[in-house]
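Below: the structure, in structure tokens.
By written order: A, B, C and D. Residues from 1 in each chain.
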């Protein structure tokens, strides 16, 4: 077993579907809404983002909400939507798992399981995900140190699952102009401390859509292996995190604008013409 | 059902054992080690603290540890130790629950179940604790706002368990001279925002035993309903958090010194002569 | 010269006027408005607080304001008001100095010069205050470590002025329910690290008047040598920090309520009958 | 007078020397040591960095040090070194001003005056710099909000000096793996909130030289108008901040590597062939 903190002479590349890998020269862009709301919503998202293209879809069906009275997600119905849209567009999907009892079900539908910030040190969940048989997207806790973040990954690795993607998504700080503070110093540090891929979620980090694009570029420039970005057919109508979602048009434009930044640091964002399998689909 | 944020005209008083309540005029002092290590350790703790007296014992048997390679606790063996010592000394016990799968077992042995800081927003655990049938000690997350803290309690309340004690235990900040920053402003605010009892853990807040006593006094002066304090027969040999545990002698002395502070703010820390049931035991 | 970090076997006691000292068994309570607005305002404050009694008055005449367009204080006119009220009521006054050019003037009128949080590491100001010939009230910076705080005091001490009172007034954190987070762990630590007196400003720490009293009690319980508290004849009409000022009646009541807390930790808040010099005045 | 918070339809471009401007399409890279130590040190720095090229030199001669016993800088001797090296290599210089009394002297030698983080709200210094007659490099305070940062600039603008360059340099947070947390979300926000140029100091932000390059790239990708980076002929022998200084060779390499990133976001880092005046020098 590789430890999370082995120095990254050898970069781990994680296959999340037949045609999508995280951690190699190609960056991965994951797009989609905060919450899966309906089939038509997800169909719009997928068909629109396929032209960007993005490499994977995101969408929450079990939602960690501050209040018990807030909408808690569509559950299995949402998983079915995700799976259908995923198949139709040949786009792998990632969705959040909040409890051990959900692992088996989610793993049957999704390609990658996300552990949210609030659960980064839910150690029993991490241990169970060691046996999930699917790659894990582990989000950094809101006040987790780099050491604690790596040790959370280690819980999953040491329980049998070598496929962990780390995700920086902003930490808590004193200024509420941005929702959180995106800690790209942690991304740069992680790229030197671990062989695991590291991606960035600029949407939750800043919480304002007009700041997502510059931070997405920054994340790639500093060495991130990919991005996970919230977008929605009608951002202002999103059932959650409406303030931070990009429109689908802005998302497509952003992916286009990210390409030269990726190339400037020796990476690549796949375009349609070098993704023959997507065209064929 | 009472909401957590109902204004506290009426203070909720929670009975954690035949003779111990939290939230009334009498303060509750909970003492014990970070980790249950052996029967003889816990017996020393209980017999020593009975002369303080403290009103309850603490001790971890399922331990949330940053590293998966650190000692994870004695588990059921530890619960059995806790239960025996509890019975022998007529002292209720509180211990941490980390997973839904542990609830039933722990509830069979312990008088109050603790949710640790890392699990404050483990919403599925909170929901399940709504059905635990025992009082819950909910610790504030390391970067949780007051609103999020109250909403975490609301998850438990709204799922059927009205007996939630809140515990401020320090938040993360920039100075590492103290382990965390004890946020007594939050305690004062909570006493105005909720009817639920609020206690304070100065040990985890400061992380240095020589700073525990002044903060314990401060917590009581600002209106806390009790304290949970780490102590150990041989602090420097503690398997975890050795730097912050008081010796048993210092713990007894501290309880003695807290009494006039409690009285200065119209509260009371029970002494042996007004706890006949303890003398009889 | 004593260094700030000498261990405090010997507590420094600082005389700020004929009858007021900071750092001994007697605590010092300093009250007054954020900003000196008029003679009648300060006269009301002083005559009212004399019955508490407080030991000193505060009031800003040079105001550090985030915006250059906000009211910057009455300047010399304010100093004259302070001096007259001080003399009439035999109450020493403390007011903020923001620039080297103000030191001589302020020192001619006031008994103690305050360095605000924003200037805690304005090293040239600190050096100049080494020659001010008056005691200095040094407030902790909003994100200053304990080490940096002590070293700021050291700048003043090493330039010739041994009379430095430290003041904890809240640090920046992620929750905006309270204005800042009062760090009483730092107060407890400072009492062990330095021989200099340490006082607490609960008003700026929490920023809400209804939370000032519990934190004032907590500060004293944890060992502070005094308090500096904002109060105003008509709090809601205060030109600055209106949300945190106590009414004069509440201030008098608070001093009354603090007395038993002080006694519970072996300290004393002077009352009128043991302050013959004030009665005689 | 333009206010700092005017929306940046019109970007302010600030001329800091005959051939160097900040805020236009061309980015500015400022390099040099934390502290000016000797003529030979600065000569090595300047001659080496001229081949990068950088557009300006940095070097401290009045040093804000946490301890009064630490080296406080060479003062006027350092200014003379800076001026000679500046002239010889046709490179403008920026150096820190800590006190009003230093403004006139520093302005006689340097091309741009830096206000350090600790003095961001030293309002009297800011007001005086309104009359300095030279551009100001204003560093963000360690716990300053975006609003406070802009208001600090407003102090300078409203007192007569329109030439203010903002500099993000990391904010305080809970993880000490990096010295501070570089807040590129603030940079992105500032580019939308103000017409003033915004540059980034990755060296002080992370405090570890191996993390400077990725953050420098990130800063440019997110829209910064330039960088200020610490470098030293023998980093490990630097009298201050040795851990974060790049070697001169690494600095030259970094500028080279930044060029494609700048181009990817529609900016440009001048190279020798498009800086004829430098070749001629």
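To be clear about the criterion, a contact is a pair of C-beta atoms (placed from the backbone, for glycine too) under 8 Å apart; a residue touches a chain by one contact, two chains touch by 3 or more.
All values derive from a computational prediction rather than experimental measurement.
Touching chain A and chain D at once are the following chains: B, C.
Interface comparison, A-C against A-B: more C-beta pairs in contact at A-B. Centre-to-centre separation between chain A and chain C, using Cα means, comes to 50 Å. Averaged C-alpha coordinates give centres for chain A and chain B that are 37 Å from one another.
Shown for chain B are the residues that touch two or more other chains, namely 143, 147, 171-174.
Chain C meets chain D in the complex at residues 64-69, 98-101, 118-119, 121-125, 127, 141-143, 147-148, 151, 154-155, 158-159, 171-172.
Chain contact summary for the complex, chain D toward chain B: residues 172-174, 176. For chain D in complex with chain A, the residues that touch the partner chain are 143, 145-147, 170-171, 173-175, 177-178, 181-189, 191-192, 205-206, 208, 210-211, 214-215, 217-223, 260-261, 263-265.
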